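What follows is one structure encoded as structure tokens, with my remarks underneath.
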Amino acid sequence: MSKDPNLIRGRFTEATDAFVEAFTASVTFDQRLYRHDIRGSIAHCRMLGHVGVVEASEVERIVAGLQQIHKEIDDGDFDWSVGFEDVHMNIEHRLIEAIGEVGKKLHTGRSRNDQVATDMRLYLREEIDVLLYVETDLLKVLLDLAEQHTGTIMPGFTHLQAAQPVTFGHHVLAWFEMLSRDRDRLGDCRKRVNVLPLGSAALAGTTFPIDREFVAAELGFDAISTNSLDAVSDRDFAIEFCSCAAMTMMHLSRWCEELVLWTSQRFDFVTLPDRFCTGSSIMPQKKNPDVPELIRGKSGRVFGQLVALLTLMKSQPLAYNKDNQEDKEPLFDAVDTLRDCLTAMVGLVPNIEPNVDTMRAATLDGYITATDLADYLVRNSVPFRDAHRIVGQVVGYAIEHDKPLDALTLEELQAFGGDAIHENVFRSLSIEGSVAARHHLGGTAPAAVIQAIAAARRRL
Amino acid sequence: MSKDPNLIRGRFTEATDAFVEAFTASVTFDQRLYRHDIRGSIAHCRMLGHVGVVEASEVERIVAGLQQIHKEIDDGDFDWSVGFEDVHMNIEHRLIEAIGEVGKKLHTGRSRNDQVATDMRLYLREEIDVLLYVETDLLKVLLDLAEQHTGTIMPGFTHLQAAQPVTFGHHVLAWFEMLSRDRDRLGDCRKRVNVLPLGSAALAGTTFPIDREFVAAELGFDAISTNSLDAVSDRDFAIEFCSCAAMTMMHLSRWCEELVLWTSQRFDFVTLPDRFCTGSSIMPQKKNPDVPELIRGKSGRVFGQLVALLTLMKSQPLAYNKDNQEDKEPLFDAVDTLRDCLTAMVGLVPNIEPNVDTMRAATLDGYITATDLADYLVRNSVPFRDAHRIVGQVVGYAIEHDKPLDALTLEELQAFGGDAIHENVFRSLSIEGSVAARHHLGGTAPAAVIQAIAAARRRL
Amino acid sequence: MSKDPNLIRGRFTEATDAFVEAFTASVTFDQRLYRHDIRGSIAHCRMLGHVGVVEASEVERIVAGLQQIHKEIDDGDFDWSVGFEDVHMNIEHRLIEAIGEVGKKLHTGRSRNDQVATDMRLYLREEIDVLLYVETDLLKVLLDLAEQHTGTIMPGFTHLQAAQPVTFGHHVLAWFEMLSRDRDRLGDCRKRVNVLPLGSAALAGTTFPIDREFVAAELGFDAISTNSLDAVSDRDFAIEFCSCAAMTMMHLSRWCEELVLWTSQRFDFVTLPDRFCTGSSIMPQKKNPDVPELIRGKSGRVFGQLVALLTLMKSQPLAYNKDNQEDKEPLFDAVDTLRDCLTAMVGLVPNIEPNVDTMRAATLDGYITATDLADYLVRNSVPFRDAHRIVGQVVGYAIEHDKPLDALTLEELQAFGGDAIHENVFRSLSIEGSVAARHHLGGTAPAAVIQAIAAARRRL
Amino acid sequence: MSKDPNLIRGRFTEATDAFVEAFTASVTFDQRLYRHDIRGSIAHCRMLGHVGVVEASEVERIVAGLQQIHKEIDDGDFDWSVGFEDVHMNIEHRLIEAIGEVGKKLHTGRSRNDQVATDMRLYLREEIDVLLYVETDLLKVLLDLAEQHTGTIMPGFTHLQAAQPVTFGHHVLAWFEMLSRDRDRLGDCRKRVNVLPLGSAALAGTTFPIDREFVAAELGFDAISTNSLDAVSDRDFAIEFCSCAAMTMMHLSRWCEELVLWTSQRFDFVTLPDRFCTGSSIMPQKKNPDVPELIRGKSGRVFGQLVALLTLMKSQPLAYNKDNQEDKEPLFDAVDTLRDCLTAMVGLVPNIEPNVDTMRAATLDGYITATDLADYLVRNSVPFRDAHRIVGQVVGYAIEHDKPLDALTLEELQAFGGDAIHENVFRSLSIEGSVAARHHLGGTAPAAVIQAIAAARRRL
């Protein structure tokens, strides 16, 4: 179906080439904006009525026509045509077809440039609200999981080497913190998304006596763009969203890396339910942590969309250029990917079952309370750097004799630490003692974790 | 529809969650590999027959079944199911349904890990061949365009400032050179794509007496992977392709930037046919160079896919991980985008109509033959650095008196250059003289451009 | 000089290889953190005194030692050694050398993991404050420039095609809006930077009775990290900053693209002072807009640093890993690049001299008031879509007869628009009339621009 | 020191601003090109003599002057000045200072545009040759390591789950394959680097009778650029190199991820020498795999440089723009990073000490020969899909009874597999049997690995 020349090709003498028509059309992907497009058109039309550019009865007919089209699309009864290029022209063309001449008045005082920017912002605001909701859900299930394990001890790692004992609840709260920042950041992003560009028209504003406050109020925008050239070409909101999404996906890649490690037989720290795993087409014994792996992999996808949008805007002169049509698919994909991954985690997190005994056994392996011994020495007046050196020698001795630290005798310990070491040293060398001693704000002690959970619940 | 537990979930006690099933499934996008999947399966099956693992009559039935499925899919009669996860399991399940028990033998001695790697390589090889073909077409139309304009003079720019006169044919050949390197690079990439991974099975090879040379010959692979762990996890071929595609898109963004500049009223160097342009929904006079703008914008998309794939593979331990399922959409999108953009350029290039008079007029504006004056002085024994300084002063004088260089009198010129300047200086100051003097290999002179075109034709 | 084994290699039996020592050392680039490192150490030490872990007299000696070292480094009298790996160990080693045994107490209750995170946040907070200051400066000079040109008319472009007349002041305000969002975003980023990680120690907190509020107050942090595992491995603040920086550099690339276009002879819209330009080594007439070009190019650099940091963190398990040492150079470079580019623009903007006559002449060229004619028809009861079509035909006629719109006679216009067109149409066809009519919030009319400037000044 | 106005600012009336001078100067980083710059200048000068543009005696004096400057720089006796902007002008200015007027003739017939492109290609060619050498070294030590462990059995992983037994030698060969592709790719890249741009002058070639073949022969270039506009603006060679470097860094990130996993106490598969590890400033027992972690982290850096360069070139019109000055630091950093990381690996690989017993024990854990059991059933006429299902049930049973597969009795096995299972099944269930059975090209069997090593040695 060829594009109706009536609508926008008045000065052209040649029809669009079929390949070019398909190549430049966006309707195959921007039709997902139809709800926002119609909502924006209704608000625009009501404003035109409000200021007297269109008569009240015309407004009624246009709004009714748009609502009918909304229903047609909802019901799958709408015939999208590449010939009409994009979601806007498809709907406008159908409007004129449906309600006649009066439909030709809808586009008064606006342009597709400010229209699409409005649609995109309505769309993204809605998606951000969904995401904030899902993120809050995920934060809650993280707190629930942490709460069940404030006293579950596992090795804390740095450099993936056993470093100091920590509690599993504390570890889960680290994930909570990451996502909590993400939610804050997304909230900040929303402020800059929720600004009305409509009224900027093509690039310079319009000669009609528009009332932008009216439109903003109709559509729930917090603010109104204050420069028309900027407003039609600005895609910062999409880029900022993708930055937020990339950060969250990076966080999820870290959690998922840990889940993949922890479900491997070498760690065996947690068990995931079968339904988050898949089997192998060839190895019958396999239970693969597919969901975490896939989320980890999807981080690249969202990083890529961020790069796509930054590159897109690089060096673009004002105002709107056709390049900007390329903003949609990256943004849509980043939104969908982030929402799906968060949703998957909301389902997964409550089903993470720590293998408490295995974790504890792993904590006993290695010399994980060496720092506690050094701290002990400090409390007995050895300067920290000397204490650190002394414990290094103790560990060397223990490795050589293949003993854990708490299996050394008092005499053996005193051979290195002298009279700074007493019988009570063994309390410091236990993993429970080590953990409990770190009870300050942010520390891993069960008491501190319980407090952190309570504080986090208040923040939600 | 739920996934058939018979196929790969023998050890599981719990069905896959519906969301998880959809989240982890790839069939919605990997079904585009069905031709390659079936082709690979047929070759694998024939090999199993060849080495005696499957009987000849069974091979016949399996191959016939696969061919029937191929036709069903071609005809749109195939019922893809997310429940069967991917293109491979959908086809295998249908095969068993169609031909019965014997279909269960197809997957002998292979895994989805080596199967999908084989499919991807077959797919990409085919697409590369198409791309090489389109690139060659585009190189040809560039040569044709250059050939028509070996003597058309335009300003050559550096820093977008008029620098020296060049020929339009020479400028078009600069585009030719970029794309010519792209084609070479894609050819090098193809060598590394066209390697058979099948036979690597899940990760370690197989216990069946497979004949990999047989399969390679059936499928037209030039080489056979030599390490199974590597072969099932290697996605270098996709990344290298995206690198090539990103480079080409960068080149196209440069050409398109120039086309956008040149079609603007400020330059007006070229006219594009209406069918490569679109109008405005609000400004009736507009004729926008949509196709070049869109291609320029699509560069970001392909850069993003490259970043997605590099990120995907970062830090992945051997061998296959589910993350790798995320290799497909970025690769498919890079392939499609590159092919569409090149195709659009094949249509566009022959229709670029230079506005010869405007270009020539723009060349006369400015002091574009200043370098020629400096060179003239050098030929009359002034050291280059002094000549450069003298001409700088001449230009300053000319600007002050608002005259072009060739409107200065001999006396005025001699006031700066002394007796190094004679009557014949004016030949050097003409744009035709300037251009013609650069007749060496790579130079802009019509004679050099004609030779360059002839040499380029020989290379194609 | 080899690394002092006393400090941290107590358990090792083998010295670090010289290449490995240099490869893993960070002191060559992290020495720029010395002010923040010392400031953090002093606060930490005072806190240790405050809670009684170190005696008051010892605190005094340590603080004095640190202040002396600060001075040594300021004065260039400090001997940095790769053998001591990083800024922290260089300073601690020197401290012990300078003040003796008591220096060994400084590192009590902390780790390099929380120390470096604290240093980085202090550094970045300081740099953000500088950047906010420079951005405010730049916003001010933009307003000043806009204010001088509220009535200067130029062509507004979409697709780089003349679209509608705008005012130069309005265009400059579009730049203002972009940067204004950047400043807001950076302010939001600062909130998440200004959080104290110290007290997290290696990963789990410490066994000493630390007072984190004390340290936060000493160092001016607004908040305290609430999870030690997260705090030592979190680099979100650096990534968020790079996202902000990338956005700003993208904006600058757009402004600079316009400056490069506008200074080219084809546009000749603005003149830049010589000192922001450079000459050519070979073409004596050249005056190249080097500063805008270079800034445009530097956008890639900052995009790259953002990608570097996202990639760095992808898939990193908790808690600190050595990978994180790679956070510094990208962040430093992004900070420096952004600050330099903004500073360059602060110098450049007030010196942009619009060539008012050339701009005006360019506005008259083309059919730039076609939208105004369509709007005129709408005001005379022609539905917009019909008006758009009619004007398209008028433009086609005008092109054919090589006349500007306002040179058409009333009769010619009426031949297309019928009795909807009257004598007063010519007011709408003038560029002054076109501009003045767009006087709503965000519009390009001088009156609207004056209001926008006033509102912007209030925001600053 | 201010820039000498004599050299290139003849037409300017205003000195460069000090900040602008520093901002636009490149000498702080491009001075590293001095050897290549001088080498190129000498070749250019000899060519000028050869074609008679400069006299033989002048050539001698210029060459001698350049050689003297080379020595001055080598010896640290050269006074680099930001006032002279870049390496080229610093050297040319010093040349004139050193040898007088004749030095002013050197820049005849060339421009900094083709000069810097030549320098960059000479530099990169040299670095590629070093890299190819280091890569070959690394390939050799990988083969040596593999050769020592053709029979060492470890678990092969997919999804980080134990999948099938493999040999450690086979695993090391997977690394070999990755790097081997990298080396091939770098060789292909070198072909496109080693092309002479000199002779393109500023953008259009030169009016002097240059002999480009002469220069190419002097400088060892394989080919000569064939379009001057392209040659001065082309940075494909730098981007292609960064693509190659990014791929290699991605590979190294994968190896290093494995080394980090394998050195963790949970795996304990390998031991690294102390000198590739570092300690903790607080935890005395730690031995951190710093070198692998750092290399893993550095992957982001090189990905970032690739993005920087692609972004840099996006949308740049022909020919040279100042943006291109930004090509150097990303390229230099990518080269240095890649060379350092490869060098580190050359030192590290021979010192990887597999903990053979731990690896073997890990292989026995899990149901790693389940595929072998399925293959066994297939060989006894069970279709593969049925065999896969049966073994899934066997594994379920074994998990339930907490037994390894080879501890099941024949009766237990037959309860699932019926009379397809005989006494000889246990041979298939041993890890040695499993490994040995995969003896085809690319398989993990010791015999196959020995053959693969031999073939690889022939390729080197």
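Residue numbering begins at 1 within each chain, and the chains themselves are lettered A, B, C and D in the order written.
We adopt the following convention: a residue touches a chain if its C-beta (ideal position, glycine included) is under 8 Å from a C-beta of that chain, and two chains touch if they have at least 3 such contacts.
Keep in mind the model is a prediction, meaning the values are calculated, not measured.
The rotation relating subunit B to subunit C, fitted on Cα atoms, amounts to 180°, rounded to the nearest 5. By the residue-number overlap criterion, the interface of subunit C with subunit D counts as same, with over half of its numbers used by both chains.
Chain geometry summary: the mean Cα position of subunit C and that of subunit D are 32 Å apart.
Our note on geometry: subunit A versus subunit C, Cα centroid distance of 23 Å, whole angstroms. Shared interface positions of subunit C, defined as residues touching 2 or more other chains, are 7-11, 13, 107, 113, 157-160, 163-164, 201-202, 257, 260-261, 279-285, 287-290, 293, 296, 299-300, 303, 306-307, 310-311, 314-315, 321-322, 371, 388-389, 391-392, 395. For subunit D in complex with subunit A, the touching residues are 155, 157-164, 260-261, 263-267, 279-290, 293, 307, 310-311, 314-315, 362, 365-368, 370-371, 373-374, 388-389, 391-392, 394-395. Subunit C contributes residues 6-11, 13, 53, 92, 96, 101-109, 113, 156-160, 163-166, 170-171, 173-174, 176-178, 181, 184-185, 188, 192, 199-210, 212, 224-234, 236, 239-240, 243, 246-247, 250, 253-254, 256-258, 261, 296, 299-300, 303, 306-307, 310-311, 313-322, 371-372, 375, 378, 383-386, 388-393, 395-396, 399, 428, 434-435, 437-445, 448, 452, 455-456 to its touches with subunit A in the complex.
Every residue of subunit B that touches subunit A in the complex is listed here, in rising order: 7-17, 19-20, 23-24, 85, 88-89, 107, 110-113, 201-202, 257, 260, 273-285, 287-291, 293-294, 296-301, 303-312, 314-315, 321-326, 329-330, 340, 343-344, 347.
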